[in-house]
Amino acid sequence: MPDLQTVVREIAQEMRERTDRGEVASYIPELARVDPSAFGIAVIDADGEVAAGGDSDTPFSIQSISKVFTLTLALGKAGDRLWRRVGREPSGSPFNSIVQLENERGVPRNPFINAGAIAVTDLILSGHQPREALGEILRFMQFLADDSTITIDKAVAASEQRTGFRNAALANYMKSFGILDNPVAYTLGVYFHHCAIAMSCRQLAMAGRFLAYSGRNPSTGLTVVPPERARRINAIMLTCGHYDGSGEFAYRVGLPGKSGVGGGILAVAPGKASIAVWAPGLDASGNSHLGRIALEMLAKRMGWSIFGS
Amino acid sequence: MPDLQTVVREIAQEMRERTDRGEVASYIPELARVDPSAFGIAVIDADGEVAAGGDSDTPFSIQSISKVFTLTLALGKAGDRLWRRVGREPSGSPFNSIVQLENERGVPRNPFINAGAIAVTDLILSGHQPREALGEILRFMQFLADDSTITIDKAVAASEQRTGFRNAALANYMKSFGILDNPVAYTLGVYFHHCAIAMSCRQLAMAGRFLAYSGRNPSTGLTVVPPERARRINAIMLTCGHYDGSGEFAYRVGLPGKSGVGGGILAVAPGKASIAVWAPGLDASGNSHLGRIALEMLAKRMGWSIFGS
Amino acid sequence: MPDLQTVVREIAQEMRERTDRGEVASYIPELARVDPSAFGIAVIDADGEVAAGGDSDTPFSIQSISKVFTLTLALGKAGDRLWRRVGREPSGSPFNSIVQLENERGVPRNPFINAGAIAVTDLILSGHQPREALGEILRFMQFLADDSTITIDKAVAASEQRTGFRNAALANYMKSFGILDNPVAYTLGVYFHHCAIAMSCRQLAMAGRFLAYSGRNPSTGLTVVPPERARRINAIMLTCGHYDGSGEFAYRVGLPGKSGVGGGILAVAPGKASIAVWAPGLDASGNSHLGRIALEMLAKRMGWSIFGS
Amino acid sequence: MPDLQTVVREIAQEMRERTDRGEVASYIPELARVDPSAFGIAVIDADGEVAAGGDSDTPFSIQSISKVFTLTLALGKAGDRLWRRVGREPSGSPFNSIVQLENERGVPRNPFINAGAIAVTDLILSGHQPREALGEILRFMQFLADDSTITIDKAVAASEQRTGFRNAALANYMKSFGILDNPVAYTLGVYFHHCAIAMSCRQLAMAGRFLAYSGRNPSTGLTVVPPERARRINAIMLTCGHYDGSGEFAYRVGLPGKSGVGGGILAVAPGKASIAVWAPGLDASGNSHLGRIALEMLAKRMGWSIFGS
């Protein structure tokens, strides 16, 4: 088995040197300002050892990666009732597609496309003020990452709120089918803000440990979710975590993962590691270009693919 | 770790007693005659030990499960050139949908929906007579299963050829975009016949061993494909192996698998087992109803999910 | 030639007696309260003679019929520039479909589906306050109908504003593609209010005269639009005026017409008559069931089809 | 009223000089050989007077214009039973789209898109040999045009039969839903051959007279169809006669018309004229570019729009 620290260091070095970096997301104006040459990686193994490289301590906008954690939170509140409002099939469509909603009476295909994540946010919000719901989500992230300094980037949230017409379309569309309980503006407000949580690779890898270790934090021994739920969230990450690039990610990397348009990816090697990478340039499906390549290298060199050695 | 023989025996017993059996496929007239109460299971572990239960030695029509093997064969011939004609993303659509083809200029989403498998068959056929190509596919199955008695059910092939208008539509549609090289009738002829291969669960589990063991047959030591290719085929099975029920299968079972409308499912627990189940009744997505349930039980009781313990 | 007064009286009588009345629109709560047995008809010929029957003086919510008049107004302001934002092809889809928008980068197929009418409203609004734009639309209706008592039913507008999530989805979706210039809430506010204009059949038939008579009001001699524009608006009414029931309306009635979910239809027999009917029950495409039948009878008995005698 | 002979002569002259000619259809190889500079026009008025210009006596492949005549023939045989298999709504899709078929269980939107015309051909074929059905269609054309020299261009039919995979896809797709009664190869054979009928503008305008004159041939006094059926066929031509350019044709020309990819258009000015134009270059929707422009000029100069003077 190769040495993880060495592998991570090498990958960070190789990524620094590559010139194919993809395109930084421009549809949220505030995100477009990020340095396209940034690259970070952090890997935490079962013993809690951290291997990190590059800009692993620079906070970035986690965007859709937050959907993994809101799903976890909502399943804790609503249990399998959640699946009445959201499916769990890959959509075969871009992250912001509305066609599928029209064909399936407003029920989003899965919790990781935008529509599905908005429906999940609406479940978390139920019966609360937006501020309370958002506080709950943020505290959950801080608890999982064991780091109370994690915050929301208000400028990013505001930028998205000003320009997020497509998400407003999705939310209103679902509302017309009764999929959302709360006022559209409330649900969208919470959604835009939890997408604007800023975290470093190190913090994100910390927060993802429960998915790698049967629902438990191996350092503290605390259980976040039962083992079956952790497996199932991983399954949804594998089939739906990269929009219409999910098949490609499974084929190349072979690990459950969730990407965000901020350029981050959280990946899970069950029993072996929780991994976070960050490179702002995106590929055509809206997933981090170098992030995916770095994870492909890591999984290959460490022999971590869930599809066989 | 529970005893595999016991677990398999118990599952076979439980399946026998269940009354929810789904609907036997009726769109291929010949398939509709199958006994809906049949159930078979066979599991082969890394040591070559077989645990079997129920009708594990009754041959059934493997139908779309053959697509795993034609993909393997075509990758051997064409390598990554194959991916110019077929994608590898889940389709989010039923097995016989043509909408996706129109939206993506005739290129099927993945090799496991009908259109994709027809395109793969066309690659195997290239430059040969249908009879030769079919012979090659059949001999490959016999080699993998180490059993030269495996044959094609001519009545099923003829039944499908008489009624397979939707597949003819898919093939002609792709032909209009230049995705198929051979005459449509040739390609469809080979396709209908390889779908009509009849195998028992035991034979099928034998044939699938190379996917569970890094591309090698652990008994003979013969390499079928390189390890990376085995992993990648498993990845495609996981994301695309059950049509628009692929997400559900990953969520509930947590193993790469491929179903056929004959009621069979081939599943792979990497490093641990090659598994075949058969129960003719199908669910709404066209996948074996009890087959899926049996695999869910097996994976859970044996702790085989690829998504964590 | 049969006598128009007699024909209109007979049709009103026959409609009163029919028991197949369709379903009153329920998606706007306020509209659901309308008496389903109401029926009105008014026909104004080239000499300004009015033939009326039934509830021809009862105001009803004109809803989408207003789109004919906002299109006329917007063409006056923007001319052919309007067609950069809206197409003029039948959509083949229901009135509130969003699928077509996704496939065509946010440009609505025609000005008579909801999305198209919202885009037209946005053009009228440009550079003005909602109140001013709405005043302009209302005064245009009053001018055309020669009746300053026409008003907006505020309860209907408020009802639609509270529940019009699907229209909000369409508007936000177009906004995300830059099809709308004004704040979504402004444009929707004007849209909901002009749809809530209440008019009787008599008033509506008066307002539609310019379309029947080459763009002029034959009584006053005033020109509303040039003859070519009147013909073109009629052409769009013929191909797009009844959503996905437009072909059926052309086939059965053979006159340009525009329906509204309030149960009204404005129809035009070029050179011969301006016609308004009202019957609140709708067919499956959202068009007045008895309204269409009454127009079919009228066109047939009077020999008014534009497709031949 | 301008003199028809003069107007037609001027239009032919203007068309000859234009350099924007569109693209000659290339998807049927045999059609691609046509001279792109050809232009013909023929207009027959109520008195049987013919005004012709350009290549008005050169036969060309009428292609989809034949669908008007097969619809007429099939309505004569099957009456309103025909509408169980084919709709009469504009499709909003290209001529060869298959998406709509999947969404509506194999029932084509209207008889003028390819799928619909194939279903109509199947009705004509029912219970006969392809040769007989084709003979019947050809004799019907000869009867309508009063010209027994009209023939089928076998080279075009063969070219289309060899390359018509997309039509084969449509036919097989409908067959899978039970929309076609006859063997797919039979129906397609008749379809490809009636599309390959070759006629001049003069012959085509002659054949179309019954649609302009209430179902009767005004010269012979013979009735082809009842007046209502002529009106209804005209209505379908108006809403569906130019694929996804139907709205545009209605908007600009204002006459019922049917185009073919051979570059011909048959148009009808009810009560006034039967018109045929021919210019091989097509626009983006597959309709004759100069043909449409010529008809727009003709309708405008003669004041023939059905939407008002």
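So that you can tell them apart, the chains are marked A, B, C and D in the order they are listed, and the count of residues begins at 1 in each.
One rule holds in what follows: a contact is a pair of C-beta atoms (placed from the backbone, for glycine too) under 8 Å apart; a residue touches a chain by one contact, two chains touch by 3 or more.
Predicted model, so just to flag it, every value in this text is computed and none were measured.
Shared contact partners of chain B and chain D are absent.
Distance between Cα centroids is largest for the pairing of chain B with C. Computed from the mean C-alpha positions, the centre of chain A lies at a distance of 47 Å from the centre of chain C.
Chain centres here are Cα means. That of chain B falls 55 Å from that of chain C. Chain centres here are Cα averages; for chain A and chain B they lie 32 Å apart. Pairwise, the chains that make contact are A-B, A-C, B-D, C-D. Residue ranges on chain A touching chain B, taken from their complex, read 87-93, 100, 109-110, 211-214, 227-228, 230-232, 234-236, 238-240, 244-248, 250-251, 254, 256, 270-271, 300, 305-309.
By the touch rule above, chain B contacts chain D in their complex via residues 97-99, 101-103, 165-166, 168-173, 175-176, 184.
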